[in-house]
């Protein structure tokens, strides 16, 4: 584990420059070393100012996003795919411009509850678009990580095995997986086996509870998750994600179906999450040593 | 536990009379004592014939459904609510006519991925509609059970606590909860505590794995579920539910976001599920005796 | 939960006055509000001085012990039983004299790996001895709690159900159970069900990992334990216990079969344990609220 | 997994030839393909007749034992070590003579609750004795597997890591480990990690519940165990072990501290255990396929 980070939606709906800067400050205040923003449209925000603020606080920026349905690169409509590919290229550049080091999320399809089955042509279109984006990202010095999410948020990559196949199909060595415990809890037969399957293709990791609230306030069996991360020698960022109706971003809140206050006090939430992750990571490291020590 | 049942979509997409009759036969063949059908539109099926077949096979019929968005009783549009209330009354009669003993599912809202927050008026409209339906069901000798489902399939009742509040608001002693392990795994802080919270208000129970495939092929910690059912003295039906793209019902498959073959051989699936439930139930009974025996 | 405490053997083998005083200081330094000592023989230690030190540090003392085989009150030999009963009476007085509030442990039998089956006469002798001790303890204002331990450390009370029967047989309302997660992990069908069975008869609680090392470094499923404690409204002391060959008490280390260094740095151990218990307790409280909150 | 077996003490205390033959018959009747006997003293039993019976029933015999304290090869007393080494050589021959294929158990020390710490000299004596026994076993065509057991039954090999070190010290490629879920639940930080650590050095596997009763009637998290066995490609015997005061062998019952009836009906126990192991194994195989299948 390189750094513990936090999703900016713990702090702000993300509609204003002030909100994003506040998120940076709160993250730093709680000792988080990286932050995750949603797609930052350059026309709406002063990216340069954000970059300087992040640098001064020593907080690394990463960006995640999902495509809108009209720019779905897994579509069979070539115009739609083209528009999505363009959006991804723009997003990579925005990440670079804000001083970010990674672009993740649902880059390979729309972020929506689909009402149709995925198709082979759509898969191929998506592979092609992501392969191209991978080249652009590599040149820009930005990591490209694909988030495997649950069935209600995409119809294309719901499992790590599907994600591995997809990456293999791109032929790229730059593209990696972005796994998330909330989604794995729904889709994987065994989340820890999924992490071991991803192994060195795991490029980014989201820690989120099964009900998207406080860590420990759901059904995820955490020790197995951390044991698996330790076992594969995961050495990249681990980012806490939680949603509540207490902080609303119209688009993301609806896409993620957030109808409840799972928390209201985000300071308490952020403080607990960091302690939780640090404690669990330490315990998993100790378990490994204990298991191997004669 | 009174009877172990199985959802008919293990056997058939449910579009034809032949499919439904096959489902009854296969269920009986595997030793299931009840079956769950989706809403049976009287104009499409010979309910009388189905009732006689079920009786001859000694398989009890139950029915579940979700409202379509244009008949959503949790809407703020009074015409929409009225249409939904009428649909529920019709559904109760169809259950009675087919010799069924219960109507369950997402009766209190549409079965859809909502794109708006729930509202207080919508809640009240739904409470009123369900209270009326409860009276009709009581008179018809049909149990009315409300399924608490995950955030992507309704925005109204995602947790048992919400369901208990809703039932209380109806003022009815006839209406009970329909809990489902697949949904609880996503929404509840502790599924076993949720079962204990429901206690004698639990009227129907779905056993489904976290990825909707084979039991044991996901993240649910089953022993705690069965311990809780034993602890509250649950004495009604336990019904196995699983979906795969191997069996497709256009409407339900899309609403439930089924994009994968979690299985292809439904005989193997049904055989395993029954053994699994019986074994787990027996183990939980034994644990209770062991725990209490000096 | 009233107070979080720690067993003195984390700090000292307990052979010297200096060791015991150091243990008090270290416990207070780490924020523990109670400490557990092994039987303090009045002829070896200055109890008065210890009492004053504990009071000045605001650390509550409790005492636990196991009977030696020659004073086993579960023996069929009446002289042996009599000697044990006398020892228990002396122990109650020592607890009172050191300002302690409870006497716990294996009071009802020897603390040993037995090489014979328990007998009905032995059970009755033990019940009688403990009933008498209960009267003395009540008069002295000292709680009497019986520790249910694993099969290798007694042959009489290995399960909570046995403990409940035993307490009932004494006819006393003063005697309660002392449960311990290490022992429950071996003997109970379900540790959480055992805690719920004990309910208001639970008078003292030991938190120890399955291998007696760091919390989290073993097989215990902690969330269920804490959920059960919250559920029964447990409002007495919770005490952390851990053994390593790093700290040796000749008698206790052998009785408990401590052959490994599960830790060497007891400051790190104690710091982690307190954080662990506080975090887990808080998470369980939150789960209860989440589960019940509509 | 090659065969599912059962320990003979489910059927008999093992004091008579008739008891042993009954055990073979009952095991075969329940479909077990191997059986585990305790050390068969050639002067007490007709090994030849037993061998023929086993062969006619197609049940493979294996033998396990623990050394008596006066023949403890981990002693510092050279005569004691010599007597133990001789006993092991005799035991290997008895296994061969009865048509058995393996000798396992606590071969490297006494099977007792020790009252002293292990010593470096004792370790070396034991390594030497086991290395010699390994040569004899190899020549006799008998597998030699060392059972790692809990702290109350030996002071030498309590963890898999210790067992791996021990095997390495013998320099033998013939000696393997014998792991047991009951013991691992007490001693290992993570039983599944322990199985993965053993990997191809795992030569024999005991399935026993945490309280030694019915499978599922304790605290072991079984899915992780079976996942690990599948992951390492374990292809040798898996043997069910359970003890109750319903079946008594004076020596073994006391060494194992069996004070309770965890069951009385051994037919029911054996039937359940076989179904349990088969079902869990199948589920773990399915999980692996599901996890890896895109």
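Each chain gets a letter, A, B, C and D, in the order it is written, and its residues are counted from 1.
The criterion applied here is as follows: a residue touches a chain if its C-beta (ideal position, glycine included) is under 8 Å from a C-beta of that chain, and two chains touch if they have at least 3 such contacts.
Given the structure is predicted, the values throughout are model-derived calculations rather than measurements.
Asks: Return the chain pair with more inter-chain C-beta contacts, choosing between A-C and A-B.
Replies: Of A-C and A-B, it is A-B that has more C-beta pairs in contact.
Asks: At the interface of chain B with chain C, does the proportion of residue numbers present on both copies reach over half, so same, or stay under half, so different?
Replies: Same-residue interface.
Asks: Indicate the whole-number Å distance between the mean C-alpha point of chain A and the mean C-alpha point of chain C.
Replies: 46
Asks: Compute the distance, rounded to whole Å, between the mean C-alpha positions of chain B and chain C.
Replies: Distance between chain centres: 47 Å.
Asks: Indicate the whole-number Å distance between the mean C-alpha point of chain A and the mean C-alpha point of chain B.
Replies: 33
Asks: Spell out, as numbers or ranges, the residues of chain B touching 2 or more other chains.
Replies: Residues 159, 188-190, 211, 213, 217, 286-287, 290 of chain B each touch two or more of the other chains.
Asks: Tell me, which parts of chain B touch chain D in their complex?
Replies: That would be residues 211, 213-217, 223, 262, 272, 275-276, 279-280, 282-283, 286-287, 290 of chain B.
Asks: What residues on chain B touch chain A, complex-wise?
Replies: Those in contact with chain A are residues 113-118, 150-152, 155, 158-159, 185-191, 210-211, 213, 217-221, 245, 254, 257-260.
Asks: Which residues, counting only chain A, touch chain D once they are in their complex?
Replies: Touch residues, chain A against chain D: 159-162, 164-165, 188-190, 193-194, 197, 224, 227, 231, 286-288, 290-294.
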